[in-house]
Amino acid sequence: MKLPSAYTLKDIAAIINCEFEGNANHIITGLNEIHMVEAGDIVFVDHPKYYDKALQSKATTILIDKKVACPAGKALLISKDPFRDYNKLVLHFQPISYSVKQISETATVGKTSILMPGVYLGNNVTIGENCVIHSNVVIYDNCHIGNNVIIHANTVIGADAFYYKKRVNYFDKMISCGRVIIEDDVEIGALCTIDKGVSGDTKIGAGTKIDNHVQIAHDTVIGKMCLIAAHVAVAGVVVIEDGVTLWGQAGVRSDVRIGKGAVLLAQSGLGEDIPEGKTYFGSPASEARGKMKEIAALKMLPDLIKKLTEE
Amino acid sequence: MKLPSAYTLKDIAAIINCEFEGNANHIITGLNEIHMVEAGDIVFVDHPKYYDKALQSKATTILIDKKVACPAGKALLISKDPFRDYNKLVLHFQPISYSVKQISETATVGKTSILMPGVYLGNNVTIGENCVIHSNVVIYDNCHIGNNVIIHANTVIGADAFYYKKRVNYFDKMISCGRVIIEDDVEIGALCTIDKGVSGDTKIGAGTKIDNHVQIAHDTVIGKMCLIAAHVAVAGVVVIEDGVTLWGQAGVRSDVRIGKGAVLLAQSGLGEDIPEGKTYFGSPASEARGKMKEIAALKMLPDLIKKLTEE
Amino acid sequence: MKLPSAYTLKDIAAIINCEFEGNANHIITGLNEIHMVEAGDIVFVDHPKYYDKALQSKATTILIDKKVACPAGKALLISKDPFRDYNKLVLHFQPISYSVKQISETATVGKTSILMPGVYLGNNVTIGENCVIHSNVVIYDNCHIGNNVIIHANTVIGADAFYYKKRVNYFDKMISCGRVIIEDDVEIGALCTIDKGVSGDTKIGAGTKIDNHVQIAHDTVIGKMCLIAAHVAVAGVVVIEDGVTLWGQAGVRSDVRIGKGAVLLAQSGLGEDIPEGKTYFGSPASEARGKMKEIAALKMLPDLIKKLTEE
């Protein structure tokens, strides 16, 4: 999330009432989750295991639960509870306000686009030209839909990320302040979910086609001209390059990358990156040709064991 | 289902026009499917294979298709078609009446709760304080939602159980008369289904968080502070204890129990109980460490077979 | 799709402005995708690999991208782009017109049927007697629902087929002009999708029961009294005969046939036909008894490898 304007370290420390290390006039321009950080951003970290990653990330301000050596040119915000204070900053800069109108007054829709009955558009939603948004589609606040986009009935765009911190007696919810960006010429099936980014954007690239019952989680970025079949579930912070095909009921774990033109076969469960152009299969998924050899070998195994036992 | 008041054996026999065995004034207070029975309940049984289970269950009245020896302190209702007569009793005590208003007049909503546009609330639905029910959520009759609950768009709470008896030429539907109970601090994603109990309650325990596209079937009871990822399908009459995690696209067969703090990895298909604290994987699922060894061994199998064949 | 009346070869060639081979008065009565063709139909083909299949199909007119020898009694339409011209004909005979009313004026509903709030019915939709259509169900144009049908909340009937031709820079969408036919006594769970046929009908046979989150793709034909559990995904042009059971999260590839009374176990991925009465399991699925032996053998493999390595 970009802040509405530049703030100083001192300003931000005052909002969350915490100490800081570094130049009081150090500039802060954004707020992001670790996978999405850029220069100017605050990132938060609350476990020693991830201190180095946060301190060495592109973020120039680190909201941290311990006074550590501050990297050159960066600043620290020292908080007893960085997760809580990160959420506090999110709500400070982007307060939640539910629009209970069917179409928010701040939503805009291209003149040639068709909204079918029962469609809900939240605050600041934009829809381009020549779109068809079918009945009962729900688009949460701050989502942006390009031109020539078709979204089938009862699909939900921009629901919150499934992201919680475990406390002793409850799960503490990360407040999602990101968006969903749907580029031009995308078609999305019925009953799909595309969650908003935690702090960045979930993106569906131009010309990509998505079948029914597909789940795309927070901050996942899908390239151009991909094909995603029914019941596919893609976890958060995944990168899918252009021209990728995901077949039916496949699943993709968070934080993996699928190279250009790669294919994930039906019902596969992907837990690692796929290089460009490769085809993967299985749960857990591996390169398909090797996997097919395993499957053929497994068919021979009962007889093999019988033979070895009889010897 | 509890009956509105206590009835005698004779009263109930009159409603379904059948013979009975036992004290005409024997007291009946409820009606339940075999998995959910308590003292005071009627249970039905129509296959000799299950006679003993029904007769020895906690139910004190057995609706049965044959005159058998009546256990001490219990009573029998002798019916040509116990399934039909069970449904007849359900409809007698809880007639189906569809509320065609967007929000039924008998539904109640806590003052601080927000209902977004397109939400449907059936008869006798209750929603606590400080909830957000997103657009187009549908809550069927007799479901109860606690405080601080968030339900994302287009989710359906309280649809009928998928439960039929096969007749020669058709499937005979079991009439669901149970409820859904969602406890405090639960969050449910978009496009989820939580079916009502057949005769008891489907329950989601306090603080549990559920991602998008999740299916929880009838009479399943989920504990506190569980995490259920996207596209998980849990069948009916499952017990999930506190602190359990089910990863994406996992499936759970009916009538199994998952122990406290256990984990079911992504895409696993569970057909047996998981003991407390264990991690399971695979389809069919077994203890994860053993499963990982099988997967590693399978990768070696093609070469092993080649070697053995060449010898 | 049947044409509104009989047309001549010359008439059709004029609509798409192309050359033809054969009798100018050769009669054309329909337009169908290759899997659904009958005598009187036009079929299109644009790849030499499929020329023979199209020329020898039941279709009596072939829309093709090359002048080839015309089979006796048939005719050819010679087009630079048969896919584009097929779509052009579909739109000529069945122009898309979105009804933005909640219930189209051309929709008809049996007197004893109940429509709950938020239901959308498109153009020419028909619903029989004694149905219950739950809240927020969306039924696209030209779908037909029989008598005694229950459709649970937020289900979508008749969305477009997921069917595209890959062009150099975009996916070209096949315009779906087919229908969905739901026969009598069917029950469909919440949050299901049943897509319309590309040019023919997607059918759900009488008495079939479908659980929640099920996907049935274009032109798939399901027989009578089938049971389909939650999260099942059936691809396009599949034939499922009477009395078949598909358990939870199973997937079926396009263009396969499942024989009468067959069973596909949970989470299986079917890529081939199942003969009548057989039970299949696994991903990829094979006959269940053999598959269970493989699973048992795999459990022994780690120890077997250890033993062979130690020898």
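A few points about this structure:
In this document, chain identifiers A, B and C correspond to the written order of the chains, with residue numbering beginning at 1 in each.
Following the convention adopted for this analysis, contacts are C-beta pairs under 8 Å (C-beta built on N, C-alpha and C of every residue); 3 or more make two chains touch, one makes a residue touch a chain.
This one's a predicted model, so the numbers in the text were calculated from it and none came from an experiment.
When the CA atoms of chain A are superposed on chain C, the rotation angle comes to 120 degrees (nearest 5).
Residue numbering shows that chain A and chain B use the same positions for less than half of their mutual interface.
Put simply, the C-alpha centre of chain A and that of chain B have 32 angstrom between them. Counting partner chains per residue, chain B has residues 118, 136, 154, 191, 213, 231, 249, 267, 283, 298, 301, 304 touching two or more of them. If you check the complex, the residues on chain C that touch chain A are 98, 100-102, 118, 120, 136, 138, 140, 154, 156, 159-160, 162, 164, 169-171, 173, 191, 193, 195, 213, 215, 217, 231, 233, 235, 249, 251, 253, 267, 269, 283-284, 286, 290, 293-294, 296-298, 300-301, 304. Chain C makes touch with chain B in their complex at residues 114-118, 132, 134-136, 150, 152-154, 185, 187, 189-191, 207, 209, 211-213, 225, 227, 229-231, 248-249, 266-267, 283, 295, 298-299, 301-302, 304-305, 308.
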